[in-house]
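Across the two complexes that follow, subunit A remains constant while its partner is subunit B and subsequently subunit C.
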Partner chain A sequence: MDYFLLPFRFERFENSEVLVNEVGDYIVCPIGTAEKIVGRHISETDGIYKDLISNYFISTTRIPRLIDNLATRYRTKKSFLDNFTSLHIFVMTIRCNQNCLYCQASSKENNQTTYDISYETLDYGIDLMFQSPSPYLTMEFQGGEPTLLYDKLKYAIEKSETINNLKNKHITYVICTNSVALTDDLLALCHNYNILISTSLDGPEFVHNKNRGKNDSYQKVITGIDRARSEIGKDRISALMTTSELSLDYPKEIVDSYIENGFSNIFLRALNPYGLVYKTNDWQNYYSRFVDFYKEALEYIIEKNKEGVYFEESFTVLILKKILTPFPIGFVDLQSPAGLINSVVVYNYDGFVYASDESRMLAEHNDFTFRLGSVKDKYTDLFYGRKVLEIANTWSNEVLAGCSDCAFQAYCGADPVRNYTTQNDMEGFRPTSAFCKKNKAIIQHIFSLIINRHDEVMPIFKNWIKQN
Partner chain B sequence: MLNNTIKCLKNNLPEEVLIVYSADETLIGECFINNSDEQIEIQFGYEIDNLQSNSKYIQINKDVLDYVESGDILLVRPNGTVQIIFSKSSQDNVLFLTEQCNNHCLMCSQPPKRKDDVNYFYWLNSKLIDLLPLSLQKIGITGGEPTLLKERLVSLLSKIKNRLPEIEVQLLSNGRNFDDINYVHRISEIGLKKLLIGVPLHSDFYIDHDYIAQNNNAFNQTLKGLYNLARYNFNIELRVVINKINYYRLHKISEYIFKNLPFVYHVAFMGLEYTGLVPKNSKEIWIDPIDYKDELKKSVLNLASWGMNVSIFNLPLCLIDESLYTYTQKSISDWKIKYFEQCENCILKSICGGDFGTSLKYSPNIMPRLQVTCSS
Partner chain C sequence: MIDFLQIDNKTVQCTIDSDIFNERVITKSLYWLSENYNLYQELSGKLFKIRIELKTGFFMQSNIDELKSHLNQNLIDFKTRDIINQETKSIREILLIKAFANNDEFEDFNLITNEQI
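Moving on to the complex of A and B:
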C-alpha cells in the first residue's frame, strides 16, 4: 500500500502499542502495528487506516494537504514560547527561619544579612523584567524565606507598580513563604496588591515537622494559612509539598492532610537533586519508590473523587492536558524548548542572573555554569548571549538522544540543568537518567489508567482539565 | 420559505382577486393590509415604469393571500405569481442566494441546480435587504452555496451591515471557498458584529467526507477554510448530518473536532430530512436514528465533557438517549414540524422538536412516552 509516513513515535506496554504523533495525539493499537505501518502493510480496508490518516500519522501525499492545519496545531502546542520570559524570580535572601532536611536552596542562619538582595540588584532586576516582551509577567519572590525582608518586598512591588503605569503589563505577584511568620504588614501588602501566597505543606503533622527539623512548624504553617485565607481570600493561597524519604511511606495520610486543610489540589513533587539533599541520597532508589508513592496517592485521590470530593493531583493534570487536549501548558519543568530562559529567569540575591531556580542553587556550590551574567549587564547580552546559545544546544528534547525517538516526547520536557547536575553534561544520558525513568513511569501509568479504566477515570480527569 | 409560494395566475384569476399589474420585470415590495376594504397593498420603494395602473400599488384580495401579514415582503413575478420572501412574524427568514453548489451532498435536502442564477438572486436580495425592517433581530443566508457569489456576497453582507448594524446573521456554507484567506479577510473587514457561519463536517476521514459531498477536494478545502475562519475569529457552527456512511465514526468525529477544531462556537449533530436527494440515495445514506443511538450519546457527551457547546437538531426525543434531552433544540422550522398520531399521548411532546413534515419516510421507532401511573 502506498502512503507516506508522518513523524510519529511509539511505545509498547501492557500488550498494546501507543502511537503518538508530532502534536501529542495518540492511538492505542495492538502490538506490531507500528511495524506494519512502517512496512506499508496497512491497507485501506484496515480499520486503523482511517484513524492514521485523519490523525496525521500517515499521508497519501508526500506533504499532507492539510499540513498548514497540522502546523497550526503544532504552533498551538508550542505557544508557551510566544511571549518569551514571563516568570521572573527574585531570590530575596537565602536566610531562613526553618531548617528543612531536604532544603534545596542551601538556606543560611537567620541573621546573616550578607545573604540578602540589595536595593541596587532589585532595581536592575526589575528593569530587566520590564524589558521582557511578554505582556504577562509573574514576579515571584523566593528565598530562603522572602518575608524576612518585608521592606524590600514592599519596595520591589511598589517600584514595579510605578513602572507598570507606563508599561501596562498584566503582573501577577507571588510570594513563596513557609507561612510560619506572616505579619500583619505582609498580609496587608498581599491584600493591597492581590499577591498570591505559595506555601509549603508536606502533609500530616509528624511528616511535616520531621521534614522541617522543627517541632512546631506544622501548627505554625496551618495557623499562617488560616490567617492568610481570612485576610486575603481562600483562593489566594496555594500549597506545595515535597516528598521526603519519610513522606514516601505516607501517600494517603499526605493526601488526607491536604483535604482536611481545605485544599482542592496537591502537587506530588519529588525531591530535586540540589542543595542540601544533593549527594546524600540514592537517587535511583528514591525515584523508583517515588513512582510507587505517586501511584498509590493518585489511586487514593481517584477514590476520593469517586466519593464526591473534588480534589486533583496537579502533575497528573499537566500530563493529562498534554495527552488529551490540543492546548499548551505553562509548566516550566515539562517544556521543550526548556522552561529556563524561555519562560523563567532568576535574579539572585548575589547580583547575578541565572537561567532557572535550579541554576542558582548550583551556584551555592560554587558552580556557575548557568549564570548568565550580572544584573547590570545589558538585556540582550544576558538573554541572547553566548551562555544562552550554549544552553540552547540541549534545551529541546526533539534533538536529545533517547528523547528524540521517545513516544512520550510531546508530553515531557528538556532540562539541561538537571542533566548537568546529575549526569555531568547538559546533554544527559537517558538510559541512566532517574528523571527520565520517573517521568516515563508516570506518563505510562496515566496512559494505562486511560486505556484500562477509561470509563471510570475519564470523567474525573476531564473534570480536572476543565478546572485548569 | 420557497414552499410558501402563492400562485395568482394572471390569466385565470379568481374573481375576488385584484392584481393590477402587468410589467416585464419582477418586483419586490412590502405589503400592507388594509382591513377596511379587505385589500392588500404591496408598496414598492422605487418607481415602476411599466405598470399599467397609474398608481405604484398592486392590489390583491386578502382571502387568497391568507398567509400574508402586514410587513411581509412579497415578490411579484411578471407571470403573476406572488411569493412571500420575508415574513415579518417568522424567526426563520433567510436570504436565498443561489441554487448552485460546488458540492453535491448525497443527502442534500435542496438539490443544487446548474443554472447560473447569481445575477438574479443578487439583484433580488439587494432589493430585499433595502426593505428589511430596522427592528429585525436575525437573518439567515443560505443557498445552494452562498460563497459562489464571491465578491457579491461580500457586498450583500456589507449592505446588511450598513442597514442593520446590530443584526445576527447566520451564514450557511460548505466552507470550501474560505480556503482563500483573502476572501476570509474581506468578509472579516465588513465587521458584522454577530455573524455565525454554519459549516457541515461529514467525517474526520477525508474519503468519507468527500464521498458524501461528492467532491474530491471538499474535505481539504473545508478544513483549510475552517482554520482560516478561526484565524479571523469567526463564530463557527459545525454541522454533522448523521447518515449511514458516517455514523459509525461519530465518536471519532467528536474527538477529531475537539483535537482539531476546538475553536468552533457550537457543534450540531443533525438528523436527516427524508427529502431532496435522500430518497434517491436512500439505500446508501438513510439510517434509522435508533441505530446510532449509542454512537450519538458517546459523541455528544464527549464534546460536552470537554466543555464544548453541543446540540442535537432534527431528532425526536424517542429516538435518542434520555441523557441527551438537554442537548436537543427545537430546530425544525414551525411550518415544517410534524408530530404523529402516536405523539398525541406522549408526555414529552411539549418539549420535543418533532420530525420533518417534509420528510417522505420516518423511523418506525417513533413512539410515545406514556404517563406512568400507579395502580393499586
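Moving on to the complex of A and C:
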C-alpha cells in the first residue's frame, strides 16, 4: 500500500497497542499494528486505515494537505511557552508553626527570624516579576508558613498593586498556608485583593495530625478553612494533600475526609524527594505503593461519582486533559520543555533566584545547582544566562534517552531537578527513575480505564474536564 | 533471531547481526535492560557481541528464556520506531518550523509540488 508515515510513537500494554501521534491523539489497536503500518501492510479496506489518515498517523501525500492544522495543534499544545514565566513564587520564610514529618522545605523553628525574606529582596523580586513578558502573573507566597510575616505579605501585595497601575497585568495572588492561625487582618487582606488560599489537608484527623507532628492541627485547619470560606468565599480556598507513608494505607478515608469537609476535588500528591524526608525513604518501594494507593483511591472516587457525588481527582484530570483535549495544562511537573524557568521561578528568602520550588529546597541542603543568581542581578542574566542554558539541555523529554521514543511522551514532562536529586545528573536514567515508573503506571492505568470501562468512566471523566 | 550463549551462572552472551539491527536499535533495546544487568558491547565484523551480566543473583533457565524474549521484543519494537523516526524526520522538522514560525511565511506550503514528488 502506498502511503507516507507521519511521526508517531507506540507502546504495548495489556493486550493492546497504543499509537500516539505528535499532538497526543491516540488510537488503540491490536498488537503488531505499528509494525504493519511501517511495513505498508495496511490497506484502504482495513477498518483502521481511515482512522490513521484522519488522525495524522499516515498520509497519502508526502506532506499532508492539512499540515497547517497539525502545526497549529502542535503550537497549541506548546502554547504554555508563549508568555514565558507566569508563576512567581516568593518564599517569605522557612519558619513554620507546624512540625510536618515529611517537610520538603526543611522548615525552621518559629522564632528564627534570620530565615525571613527582607524588604529589599521583596523589592528586587517584584521588579523582576514585572519584567516577565507574561500578561498573566501569579504571585504565590510560600514558606515555611508565609502568614507569619503578615506585614511583609501586605507590603508585597500593595507594592505589586501600585506598580501594576502602570503595567496593567492580570495578577492572581495565592497564599500557601497551613491555615492553623488565620488572623482577621490576613483574611481582610485576602478579601480586599481577591487572594486565593491554598492550604494543606492530609485527610482524616488521625492521619493529618500524625503527619503534622501535632495533636490539634486537624481541628485548627478545619476551623481555619471554615473561617476563610465564610470571609472570602468557598471557591477562594483549595486544599492539597501529601501522601505520607501512613497515608498509603488509607485511600478511602482520605477521600471521605475531603468530601465531608466540603471539597469537590482532591489532588493525590506523592511525596517529593526533597527536604527532611529525602534520606529516610525507600523511594522505589514508596512509589510502587503510591501507585496502588492512587488506583484504589481513584476507583473509590469513580464509585462516589456513580452514586451522584461530584468529586474529582485532580492529577487524573490533568492527564485526561492532555489525552482528550487539544489544550496544554498549567501544571509545571508535566511540561516539556519543563516548567522550571519557562513557567515558574522562585525568589527565595535568602536573596537568590531559583529555577523552581524544588530547586530552593535543594539549597537548604547546601546544593545550589539550580540557583540562577541574586535578585539584584539583571533579568536577562538570570533568565537567559549560562545556568539556564545548561539546564535547557535536559528540559525537553523529546530529546531525553528513554523518553524520546515513549508513547506517553505527550502526556508527561521533563524534570531536571528531580533527575539531579535522585540520580545525580539532570538528564536522568529512565530504567531506574521512580518519576518515570510512577507517571507511566498512572497514565497506563487511565488508558486502561478508558479502553476497558469506556462507557462507565467516560461520562465521569468528560464531566471533570468540562468543569476545568 | 539472536543467538544466546550462557557463559556462567551470572552471564550470558548474545550475538546480533548488524545487518538486521543497527547500533542505534541495539543500544536503545539494551538501555531498558540496564536496571538489572551490566552490559558490555563489542563489534566484531558485522556482529555485535553483547555480554549481559546480572547485577544481583544467578540465572535460571527461565530467566534466560524471559530475557531472550524481552530482548527480541525490544529489538523488533525499536527497529519499528527507528524506521518511523528516520522516515518522518523531515516532516517532523517542517511541522515544528510551521508550528513555531513567528509569522505566516511558512503557511500555504507548496502542496502541489510536494504531491508530485
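Criterion: the second predicted complex is superposed on the first by the 468 of 468 C-alpha atoms of A that agree within 3 Å, B and C clash if a C-alpha of one lies under 4 Å from a C-alpha of the other, contacts with A are read in each partner's own complex, and residues count from 1 in each chain.
Assume a residue touches a chain if its C-beta (ideal position, glycine included) is under 8 Å from a C-beta of that chain, and two chains touch if they have at least 3 such contacts.
Not measured: the values here are computed from a predicted model.
In this superposed model built on subunit A, subunit B and subunit C occupy separate space and fit side by side. When the two structures are aligned on the shared chain, A:235 is found in touch with neither subunit B nor subunit C. Between the Cα centres of subunit B and subunit C, as seen from that of subunit A, there is an angle of 90°, stated in steps of 10. Contact with both subunit B and subunit C is seen for A:65 once the two complexes are overlaid on the shared chain. By the touch criterion defined above, A:326 reaches subunit B but does not reach subunit C. By the document's definition of touching, neither partner reaches A:151: not subunit B, not subunit C.
Between subunit B and subunit C, C contacts the larger number of subunit A residues. Look at A:466: by the touch rule set out above, it reaches subunit B but stays clear of subunit C.
By the touch criterion stated above, A:7 is placed in contact with subunit C alone, subunit B being left untouched.
Subunit B and subunit C never share a C-alpha pair closer than 8 Å once the two structures are laid over each other. In the superposition on chain A, the residues of subunit A touched by subunit B in one structure and by subunit C in the other are 65, 68, 72.
On the side of subunit A, the complex with subunit B involves touching residues 25, 50-51, 53-55, 65-66, 68-69, 72-73, 325-327, 458-459, 462-463, 466.
Within the complex formed with subunit A, the residues of subunit B that make contact are 204-208, 220, 223-224, 227, 249, 252, 256, 258-260, 262, 305-307.
Across the interface of their complex, subunit C is touched by residues 4-10, 12, 22, 34-35, 38, 61-63, 65, 67-68, 70-72, 74-75, 78, 401-402, 405, 429-432 of subunit A.
For subunit C in complex with subunit A, the residues that touch the partner chain are 28, 31-35, 76-78, 80-81, 83-85, 87-88, 91-92, 94-96, 98-100, 107-109, 111, 114-115, 117.
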